[in-house]
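Each structure below is given as structure tokens.
Both complexes below contain chain A, partnered by chain B and then by chain C.
Our next item is the complex of A and B:
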């Protein structure tokens, strides 16, 4: 069977921002075939070139990008040599693209009817009743209830999941031969994500479209893709039929990534990949060599080519033949070293929070939470469940309407400014986005120093300076970083600085607000490792707010499941994950794509 | 291992270095800076450098054109235009500069507090600003000068009164954008007081807005003060002043154009120079968060 799209030796670079004469290669020698009715999963961390490769393959030239070589054959047409006016006849018709955030990709000025009608009118020349009938059928096809009224509405009147459904309907309008899905489920809630994934799977199978699904979520790709390609530093390092890839990774990067992904069905801490992802392609050594645990001198001197292991399984590693299938390096489940649960550090009783300007029901509605002396407790819920508001109330950043927060036997003042200095020290908060939580005008040293200088005024500047270096070392950052500004650091490094800042105050209770959700998988894993290690060393209790059930399983001892401001279920992580009682918890857990469960089939 | 100064965010040396890099980096900043330097020299040393006394009548023939004795000719009363330009710089540069600075102190404190605190303070404060903004600037200044007479102090105060609500509104908007950032919340969560949060966390992050707004406001102030002088509401004759010079020489604009052109050019060049610097600064700071500026 001839492939719908054949991409061959695609190499793309970006003009260097400082020295515009130079080109940084970000996609190197990428080849793949897309077959109709089949879904190719393209995985990799941010900066691995997965989106650039997919977009370049359909002839899109991003501003500043340079096509260096390659061919992309759609039937008789090479998309890479086709002019943009001609490509416009192909894009939206034979080739469709779905972007990550539908709220950004659907024009807010157009009603759904016009969004859907545009490609149909442009590419198929449909008019009048046929056009309308087709738009209705499309909306029905993506599972929008009451399509008649949906046509008259604007995109913002739909939820995120429904918007993505509409975006899919727009993309499928002209029954494209090739469909590019660029992280279509990222940013959606778990249950919505599962529904969208199912929809994508069905659409591709039914329509016979050849599709690429770009994602960093290996479990998701594993559940719906027919084939998977893992990208690192602009190259495909491993490509395999989906099932084989899950069972026996042969490339050390794939194996390390799988170990870094937290899993809902398996206890035990994830393993981070040391170092930072490479951002540009290299051709004189193995790009993964600096982070790989199998590196030899050969790896640093030679660039590996793809070698074939049969059944469409190819691997770009010099040692793959000798290493064979790689096994997991995950930490064995810790033998239930539950923190001292006996003495209560924080107890919340009947907490009610609402936002003054809204007359809607309270976002936190009579919530009770208890955290033991050095326990890691997770508060898990989908967006809008009120979990972050509850956390902010504990931190004193949101004034609750009712309820008591008792810390160490003493009720906490509602406002942080009314609390004594010892409580400021004891309770520290780390935010989701390290880019926003570090002041861009302060150096790393002054960021970490600040809590000490106001919370421990008795300490001398030289004591504090010593401690800054100690903390940097604890969070595995180089001392050189002390003089840098946040924008000179990567996301993971920034979050480490934020962690160091929190530990600078020597807290007894650490409040973590989605601290890993903005990070790449390998970085996320090492941040989780770090938090687990530091808190067990210092005996700090943690309240970990997250939407990610797998992260909860990896780190927390006890878990509270929250929805619409109400705690639905509470218990030890193992019992809640293995024997969930509330229907919502059962649904949530069922919605999470699993790495291992599928491979057992 | 590198040593670092933990108490300050940037060492003065590095700041100076950054500023120097900024100055030579763009052609706008280079040209603007060079022109401004000339004006600064004129402001400080103008009266020393002037070849004639600026107020002495009949140092030459009246309405004389350009000559080697009088580079920019003479005015109606035979005073040396070049000397008057040099000596007049002070009143045109210093009065607007002081007025703008005061407007930034008054309007800045109010606007930043309003943006950061929000709530009732902001609601009431913003309505007050709107009332003040509705008053025509020239009218306000005329009323003040009519009641208190004219002097540099009165002009400074009246210009400050006109500009502070405008400054307040711009800086309120900037503070509002930063006030909800997580690093501000982080500071609140560790129990920092309001003033340190404003000075340490918020102000550095709106400094680019402050700088650009200052430059724009200063340009307006220079033109505004020159206008007042042109209308005879400012510095009184015979002391030299570009706005007043324009007024005095306007009758000879055809017969002796240089007497009108010289002060006009002086005012507009100064305004353009500050504008160029503001442009360069805003472009530079616009890049701040995303690219490497600290080299």
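Our next item is the complex of A and C:
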């Protein structure tokens, strides 16, 4: 059967920002086929070129991008040589695109009816009652209840999941032959994510469209895709039928990525990938060589080509034949030895928090949490569960309506400014977005020095300077970056600086608010490793707030499951994940896509 | 719906408070002006007895608070008092001028807004290209010129050189229909030229900002042609912040009206205000200040309502 879309040797670059005569290649020699009714998963870390490749494949040129070579055959048409006015007849009609965040990708001032009608008018010339009938059918097809009233509403009046359903309806309006899904489930809650994934699966199978699903979530891709391609530095490094599920990885990057992904169904810490991802394509060596544990001199001198291992399994690695199928490097499950939890460090009793100006029920409703001396405790819940508010109350950033927060036997003042300096030192917080939590006008050294100069005024400047370098080393950052500013660092590096700053205060309790959710999977894994290692060295207790169940499994000893301000279930991570008791926990765990263990023999 | 009422109600309350404050400031300012109204009215040679009698007749010996309340009450009822200078009813003097000034300001605004949008949208799509640079430079230069310079330049071109429009606009209150229209043209054009650059620059910035939003790319990938992309997806969203800017340019517009009317001898409230301040005709100054303040508040209220009408998100809040 001929593919619906054949992409051949696609190479795309971006004009260099400084020297506009130069082009940085970000997608190199990418080839793939899309088949009717089948889903190709395209995975890779941010900057790997996966979105650029998919958009370029349908003829879209992002501002500043340059098409260097390639072909993209849709029937008799090569989309890469088609002019934009002609492409406009294809886009939205034969080829459709769904963007990551539906709240950003649907025009905010258009009602759903106009959004749906636009492609139908443009490409099919529908008008009047036929048009209306079709829009209603499309909304029903994506599971929007009461489509009549939905047509009259604006996108912002829907939840994130419903908005993505509407975006899918708009994309499917003209029954496209090819569908590009660019991270359509990222940013959604676990249960919503599962529903959208199911919907995508059904739409593709029912309509016979040929789809490509871009995601960084290997488990998700593994569950619904027929075929998978992994990208690194602008190249496809491994491609296989439903890779993660059925076939053992052969490329070291794929294997490393799989080890970096936390799993709900397997205890044990994730393994980060050292170094930073390459951002542009490399042609004189293997792009992954600097981070690979199998690197030899050959890898640094030659660029690997794709080798074929049959059944559509191709690998771009010079050593793939000799290495064979790669096994996992994950830490073996360890018994819970991290510190004794008999003594209580923090105890929260009957915590109630609400936001002024709202008559809705409290966001935190009689919550009890206990954290032992050097325990890692996770507080997990979907958005709106109140988990972050509870954390902010402990940090003294949100005044509770009721309840006691007892730290080391002493009740804490509600406001952080009313707490004594020793408590400031003892309780530190790390936020989700290091970009926002680091002062852009301070150097890394002064950011890390700041808590010390305030909390340990007796220390001399040179002592503190020494300690800054010690902390940088602890969080695996080069001493060179001490004099840099946050904007010169990557997201992962910034979060390491934030961690170093927290540990500069020598805390006994570390509050972590979604600290890995903005990071790529390899970076996320190394941050998790780092937090686990540092806290076990210092005996610091951690309250880890997250929406990601797999992250909980990877790091926490005990877990509290929260929904609508109430703790529904608590217990040791193993017992909660293996024998969940509350129906909500069972549903949550069921919604998480699994990386089915790769055969290791 | 409740959101609209709440939003509209709070804006209305705010407008009323602003008006009260304006009236108080106006009243205070005109009362501390170093001019004795009786002296102005009766002339240099009035006897103390005459002045006392005048003050009593005009109620000027009452306490300030009482006079303020009476003044506001009279103003609301439409009794705007008599001019100290001409002994005419202020209503008769100011009334017809309000209409003329309003027409002048509104016409300039109605002309300026579409021109500014066209220029802004046009340049936003050609950022960095010669046409954008040329237009941006010209608008910046014009923006930095005072109103009277623009006015005089237009007089020089259209009245002196071409001779097709009158050099001054006193004809706006008399003469034939065509002569009246001609009298409006130059002041209106001057105001338009003064207003366009700022709004156009805001439109350009806002359009550029919105154009890089993900929903514009998504619409492009739905096959929406360029024109539809700009006018259906970009401009409606880009116009939201611009409406607020237009409301703020009202202050510039009103100040502009006062100056332009003086430059062109246009028979509007601005010209009367300037001459009344000069002759210390307090009742006239008070009323005109109040009317201008009212105009400013009403225009801002309209802009708020326009934003409300354009942005569904605000309506439901």
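Convention: the second predicted complex is superposed on the first by the 590 of 601 C-alpha atoms of A that agree within 3 Å, B and C clash if a C-alpha of one lies under 4 Å from a C-alpha of the other, contacts with A are read in each partner's own complex, and residues count from 1 in each chain.
Here, contacts are C-beta pairs under 8 Å (C-beta built on N, C-alpha and C of every residue); 3 or more make two chains touch, one makes a residue touch a chain.
All values reported here derive from a predicted model rather than from experimental measurement.
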Fit-or-clash call for chain B and chain C when the two complexes are aligned on chain A: fit
Most chain A residues touched (candidates chain B, chain C): B
Cα-centre angle that chain B and chain C span when viewed from chain A, reported as a multiple of 10 degrees: 30
Chain B versus chain C as contact partner of A:105, first or second or both or neither: second
Which superposed partner A:92 touches (first chain B, second chain C, both, neither): second
Nearest-approach distance, in Å, of chain C Cα atoms to those of chain B in the combined model: 7
Residues on chain A lying within both footprints (that of chain B and that of chain C): none
Residues of chain A touching chain C in the complex: 58, 60, 85, 87-93, 96-97, 99-101, 104-110, 118-119, 122-123, 154, 156-157, 167, 170
Chain C - residues contacting chain A, complex: 213-215, 217-225, 232-233, 236-237, 310-313, 316
Residues on chain A engaged by chain B in the complex (per definition of touch): 17, 395-397, 416-417, 419, 421, 424, 427-429, 431-433, 436-443, 445-446, 449-451, 454-455, 461, 464-465, 468, 479-480, 482-483, 485, 487-488, 498, 501, 505
Complex contact set, residues of chain B against chain A: 1-2, 4, 6-10, 181-183, 185-193, 196, 200-201, 204-205, 207, 288-292, 294
